[in-house]
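For reference, the structure I am asking about is given below.
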Amino acid sequence: MNANAQTDRLARGSELLARRTRAIRNVTERLCDTLSPEDCAAQSMPDASPAKWHLAHTTWFFETFVLSREDPDYTAFHPRFEYLFNSYYNAVGEPFARAERGLLTRPDWEEVLDYRRHVDVALTGLLEDPGRLTDAALDVVRLGLHHEQQHQELLLTDVKHLLSRNPLAPVYRPTKEPAEAAIQSMAWHAHHGGLVEIGHGGEGFAFDNESPRHRVHLEPFELSSRLVRNGEFAAFIEDGGYERPELWLSEGFARKQEEGWEAPLYWSKREGRWHAFTLGGFLPVRSEEPVCHVSLFEADAFARWAGCRLPTEAEWEHAAADVPVEGNFLEGGRFHPEVAPVRAVHRGPLQLFGDVWEWTSSAYAAYPGFRPAAGALGEYNGKFMSSQMVLKGGSCVSPRSHLRASYRNFFPPDARWQFSGIRLARDVDRGGVLPV
Amino acid sequence: MNANAQTDRLARGSELLARRTRAIRNVTERLCDTLSPEDCAAQSMPDASPAKWHLAHTTWFFETFVLSREDPDYTAFHPRFEYLFNSYYNAVGEPFARAERGLLTRPDWEEVLDYRRHVDVALTGLLEDPGRLTDAALDVVRLGLHHEQQHQELLLTDVKHLLSRNPLAPVYRPTKEPAEAAIQSMAWHAHHGGLVEIGHGGEGFAFDNESPRHRVHLEPFELSSRLVRNGEFAAFIEDGGYERPELWLSEGFARKQEEGWEAPLYWSKREGRWHAFTLGGFLPVRSEEPVCHVSLFEADAFARWAGCRLPTEAEWEHAAADVPVEGNFLEGGRFHPEVAPVRAVHRGPLQLFGDVWEWTSSAYAAYPGFRPAAGALGEYNGKFMSSQMVLKGGSCVSPRSHLRASYRNFFPPDARWQFSGIRLARDVDRGGVLPV
Amino acid sequence: MNANAQTDRLARGSELLARRTRAIRNVTERLCDTLSPEDCAAQSMPDASPAKWHLAHTTWFFETFVLSREDPDYTAFHPRFEYLFNSYYNAVGEPFARAERGLLTRPDWEEVLDYRRHVDVALTGLLEDPGRLTDAALDVVRLGLHHEQQHQELLLTDVKHLLSRNPLAPVYRPTKEPAEAAIQSMAWHAHHGGLVEIGHGGEGFAFDNESPRHRVHLEPFELSSRLVRNGEFAAFIEDGGYERPELWLSEGFARKQEEGWEAPLYWSKREGRWHAFTLGGFLPVRSEEPVCHVSLFEADAFARWAGCRLPTEAEWEHAAADVPVEGNFLEGGRFHPEVAPVRAVHRGPLQLFGDVWEWTSSAYAAYPGFRPAAGALGEYNGKFMSSQMVLKGGSCVSPRSHLRASYRNFFPPDARWQFSGIRLARDVDRGGVLPV
Amino acid sequence: MNANAQTDRLARGSELLARRTRAIRNVTERLCDTLSPEDCAAQSMPDASPAKWHLAHTTWFFETFVLSREDPDYTAFHPRFEYLFNSYYNAVGEPFARAERGLLTRPDWEEVLDYRRHVDVALTGLLEDPGRLTDAALDVVRLGLHHEQQHQELLLTDVKHLLSRNPLAPVYRPTKEPAEAAIQSMAWHAHHGGLVEIGHGGEGFAFDNESPRHRVHLEPFELSSRLVRNGEFAAFIEDGGYERPELWLSEGFARKQEEGWEAPLYWSKREGRWHAFTLGGFLPVRSEEPVCHVSLFEADAFARWAGCRLPTEAEWEHAAADVPVEGNFLEGGRFHPEVAPVRAVHRGPLQLFGDVWEWTSSAYAAYPGFRPAAGALGEYNGKFMSSQMVLKGGSCVSPRSHLRASYRNFFPPDARWQFSGIRLARDVDRGGVLPV
């Protein structure tokens, strides 16, 4: 490829990226359409962030890692925003205290939108001016867009948590009545195991923590054909599942006692029937939908109760390797406010992508041979690697582009405010039977 | 007085009250003129409340204790507001968790204003319809207005605290440069003591905790002619005042250590000079202004350092009994954003009213013979009587109508976010000398 | 008095003091006769101290404030004990962390007894050598003996708390069956009030915080003729007393909720009947004995439930001024392990002294004109004066010499491990009726 | 083998076991020889247990799982000990609160020794009566002995922690001056990796969590020839290692800040030189000894600083598979109070066994195909599997019988009171260089 051809390719890539930037950045703002400035400013717990903060932080990413590095003429929108909207990149300077993000009533909503526009204009200006950005810089822009999409999901999980704390049970977006679904019994898909490869290896974007692709040895195992459903989880509750220490990891049982868990987050009984707070308001729990908002501890206890276990990350990823990416997820700003009912049977495990994140029994750790990126961006994933568990597959509020077998999500084992659910696995030589 | 004359009197009183209601309710809203919806919704600590909550709670008071009791045709604005905006009246039902008021992003700002209008229309309608309200009900309205004015002050203290947590140091309202003040040395005013009377006894409104008027015996004492100033407090700091346990109450020293206090709340050093966050922004500390935002513990330690002590409530009230009520306070929605410099010398102690609340060495307790009002209103003051200390005299953000000698403010000894300062006292037979 | 006569007087006083020193120091050790070295070393909560620590700390007092100051030949028993056994005298140096006293397994029990003997020999040697100690030094010895007696009571309260935490419910000392007591109904004793004097004023020892004697004005009041009994308190519980917020100080209700109080400390139900852990083991609660181990919050709620109130310190002291000091207390190392039943009726309120400490509604504060002693001893009482409430009269484990009307005990309003109970008072013009 | 032969074999095994029981049980008691009853009763933190509790709990194990199941004539020593000395076996009943073990002053030291003798007599009686115990029961006895040895190590770690909190710095056992050691530079041992086997697979005792033996795939790696030394760790401190967030896991940096870590546990500077509290007292830190009492977080940060990483469990175990078990450990009740200096070079990595536990980067989890034992014994290891990291190789206070490549120790990543140190690893293609 001669220099001109390469320039052309770069220019086309850059222009496409400008369009994609506008589209993705627009989706983030559209997610706030039904929210008030107060809704966007409040923080319901230290683990959650205000919607406004998500909007500003994703903008800060482009300002810090692209504009201020690549454009000598760029003027920062506000000299203090570098400090205010840094999440945890210590290399950029000490970040503002995470638990106090809800106190940042200034900048207000309009000013944050202005901040976004200021950065969008500068960024798309750079992108549309062929040759202004190197390949490496374009890669940072791409990373920034995926980062923004991660925050789209977090924005929805955090808004759900916030609204759930309000006794008025506000509706974020009305739910459509789901279509009737064929009831599907749980089946098991066998896998031979052996020496297999996991991790990102092909074309396309992936976060650094998905690399390098590497070999692992798996014993034969079976994976259930679908997610665990609300009705099944209710049977676990009815059977005293939350009161039987022998089913729980000891740390999990202690946490459950401290926090008073008696059901998944957002569930409560009204007139003898389980209801749940959803993005569509406070609604009866539907038996046939996948159970959601359970911690690793609850997922693990359920699996033990069912005579099964959770899959390891490698088992899950290996099983998902050739499964087409379909599911219920966030696309173009549209999503089903809550998880969808079980869809029709087809070959291979169902519901691997979208719907709910699936807890694995694997602690999050770097893959063998992993190298963090140099500089502040190296903090992006390299720092979180302790006391967190891997989740796979994405949820109903995950952006489409995050749905791939190698994607590694991770949260502490007691986290419940993510859209997280349960996939069962079992050893081949042992007949775990789900008693429901 | 015959029946007609009484009716006329009632009618006139009722009409005046309608006008006063409009005026006071308007002031509360005017205090938010420079704030955004986000500013009004956030809660910076459990002890503080969002401005929006203050607006709704004061409205709830009239709805609960006047409209729903006196007007059979009244329809509540929203069925859940009775729960949401109850502060602590257990007799009305369990209140919403105090520490989570900042999560109530709904109702939003406009809806709270609608709530206020809905109640104002109904309330002034009742007041302007002679004979609709009994004398007792009119008294509850009057109580409600004083209650609203208390919340005007709290609204300002809470907003100040919230804005102070923002690294952008937002300006609530620009400060005017104060006029030059004659420097005044501290003088002492002697009082004979003996059997004196304190407590509310005359005409005019007072809260129930100011009653009954009763006798106390006082030994001779002296009260300083003015408040302790920033410059004097800075000398205490320079002299190691925060590091010398012998100057502190033991509970106070422990608290100071835990919290890391090294100066009054809002003070910090910039380029070697004390600055303070104020409602007018982050400004240099002015030596001649009264020190503000100190806890009882700091006030007490300062007094000990100065060879003096704090006055008791009875000493303060006795000394203030015949002093004209003048000072720097909140009137008609206007106030000096921060405490004013010392004013010209005149006879009697200065600055007794307004400027800063003055800590006393008296624990808050019911007066001998005190009876709480019956019913939910009885919770208004009767429940707080432990581990709080009395403050007297009002502050620069206290409404004018709260400035009277018998007024009893009370806060825990470690509270610092109120506009609280220091008045010194000493026994007559002992020469405490302020070494500054 | 000529010099010889004065020397003789001093010598006699000094010799008497030597005898008293031996007797009191011996009592402290006798209290540990039924305890093991482990019992004496453990600390059951930060507020309590190990018995061994009490033995060492009271010894430290004499070593620090008498021997090392008055005897140039005195050699400290161990160079680090000055640090280890200082309780809170900051002027002597930073004390060892209070909550970690149970970790001081060294020095062991025998070494602490050696420490006591070392100090006792040196101290009585000084006392028996006429003229070695000045009058002022003899006063410090006397203070040290009263201090030691305070710790005798604390040793017993702390041991009771420790043993209560052991599921084996160990018996400290078997209880004798109390004699049958005449049932006595509650009567009221009226007092005129007026300008009265309280505080220590006469001969005999008193702590500095009992001074100066001073005048206070009292409104007429009535004091109940006896303490509130277990049976009456059980009726309060039966009547939902612990669940009715309107009966409680708001801080008290919150504390009760946090701590899960449902009855006095040490009470629990077994087979439908109230039992209590006592120094004599786990025994049925006797209805006619004074209720014990209640906080100020519970005492205050009970009084409100009974239509009465707690007395103020001044009311109590005035009423007790001429009452002979009789009661159930600690004398010569002997005491009734638990509170005694009501004794026969006689004139004046009963059970003012001994039995249980009686909570008052008065916050602990310095008397008007109070001066702390100079130097480290000035920390003895001067530092505690915030957020504590006064108790009067002594308990069944108080040494006889602490039973006097002016004695001021003080504890935080949530303290329950002291032998604290309830005396009722009421205003004269109001008929509070105990509904039991 | 005919029946007689089998009986003979059983009898011999049983008799040997009786001898081994006496020997091991005796060692546990000998470890307390230099301790007082108070030393043995105190608990310095919730994670640690009193020595007396270790003695009683290990006895409880034999009483609960052997005697009361196998011997119908056995009478429990005390009916409540089953509750008091249960550690965490929920299937046996709710255990006594872990954090309150220090409050169990009763049973006292002598009674616990009596308890031990009571159980020892019954147990060895059973063992010496051939045929009384089945093979399965003999296996439980063997498990109980290994369990007792685990507690021997814990007893020493817990005693060290307790004594360290005493400002008198008591000496548990005087340290002998170590022999001079040849200084050895760090070398690297390369391993090819590939599909290897780990886990217990051969003869001899192993805990259930070491099974099943299974295959894992390893990339090529290198392991350092020796442990990281104090001198090297001091260089990390000097280089600001504790202040550089980029070196730390984010959870680790946060923990460090909360706890104020600035050096390994027990280290402090005296006159500019590092000292450490040891079982031999407070001594200067010796540069050439392995660093000890670091958390996983500190180990991981050190490795990153050195341009290396920690080994995974599988790498460590694979490298150790054929290394002879030699080292500094607990044998027959004798041990070097502190870790030993580096010994002479020989082939293979040094110091794999004994000296200090070596943190790995592997989260503790069940091996593929793991089955917990049935019943209460199944709780033994099956419950701990979250948020803990694996340590390998044993320490200077580990019993000899715990030194094997497959042994899996596990502690939370912030634990520092175990004898835990640092082994470095690195990828083959990358030259991590220890800059010291």
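Per-chain numbering from 1; labels A, B, C and D assigned in written order.
Everything below uses one rule, namely that a contact is a pair of C-beta atoms (placed from the backbone, for glycine too) under 8 Å apart; a residue touches a chain by one contact, two chains touch by 3 or more.
The structure displayed is predicted, hence computed values, not measured ones.
Visitor: Shared touching chains for subunit B and subunit C?
Guide: Touches both subunit B and subunit C: nothing.
Visitor: Hey, which one of B-C, A-B or A-D is the same interface as C-D, over half the contact pairs lining up?
Guide: Repeated interface of C-D: A-B.
Visitor: Could you please state the distance in Å, as a whole number, between where the Cα atoms of subunit B are centred and where those of subunit D are centred?
Guide: The separation of the two C-alpha centroids amounts to 60 Å.
Visitor: Which integer distance in Å separates the CA centroid of subunit A from that of subunit D?
Guide: Computed from C-alpha means, the inter-chain centre distance equals 38 Å.
Visitor: So what's the Cα centroid distance for subunit A and subunit B, whole Å?
Guide: Centre-to-centre distance between subunit A and subunit B: 47 Å.
Visitor: In their complex, what parts of subunit C are in touch with subunit D?
Guide: 36-42, 44, 52, 80, 83-84, 96, 100, 102-109, 162-163, 165-168, 170
Visitor: Hey, which residues of subunit C end up touching subunit B in the complex?
Guide: 88, 90-91, 195, 214-219, 245-246, 248-252, 296-297, 312, 361-363, 365-366, 368-369, 378-379, 383-387, 389, 413, 427, 429
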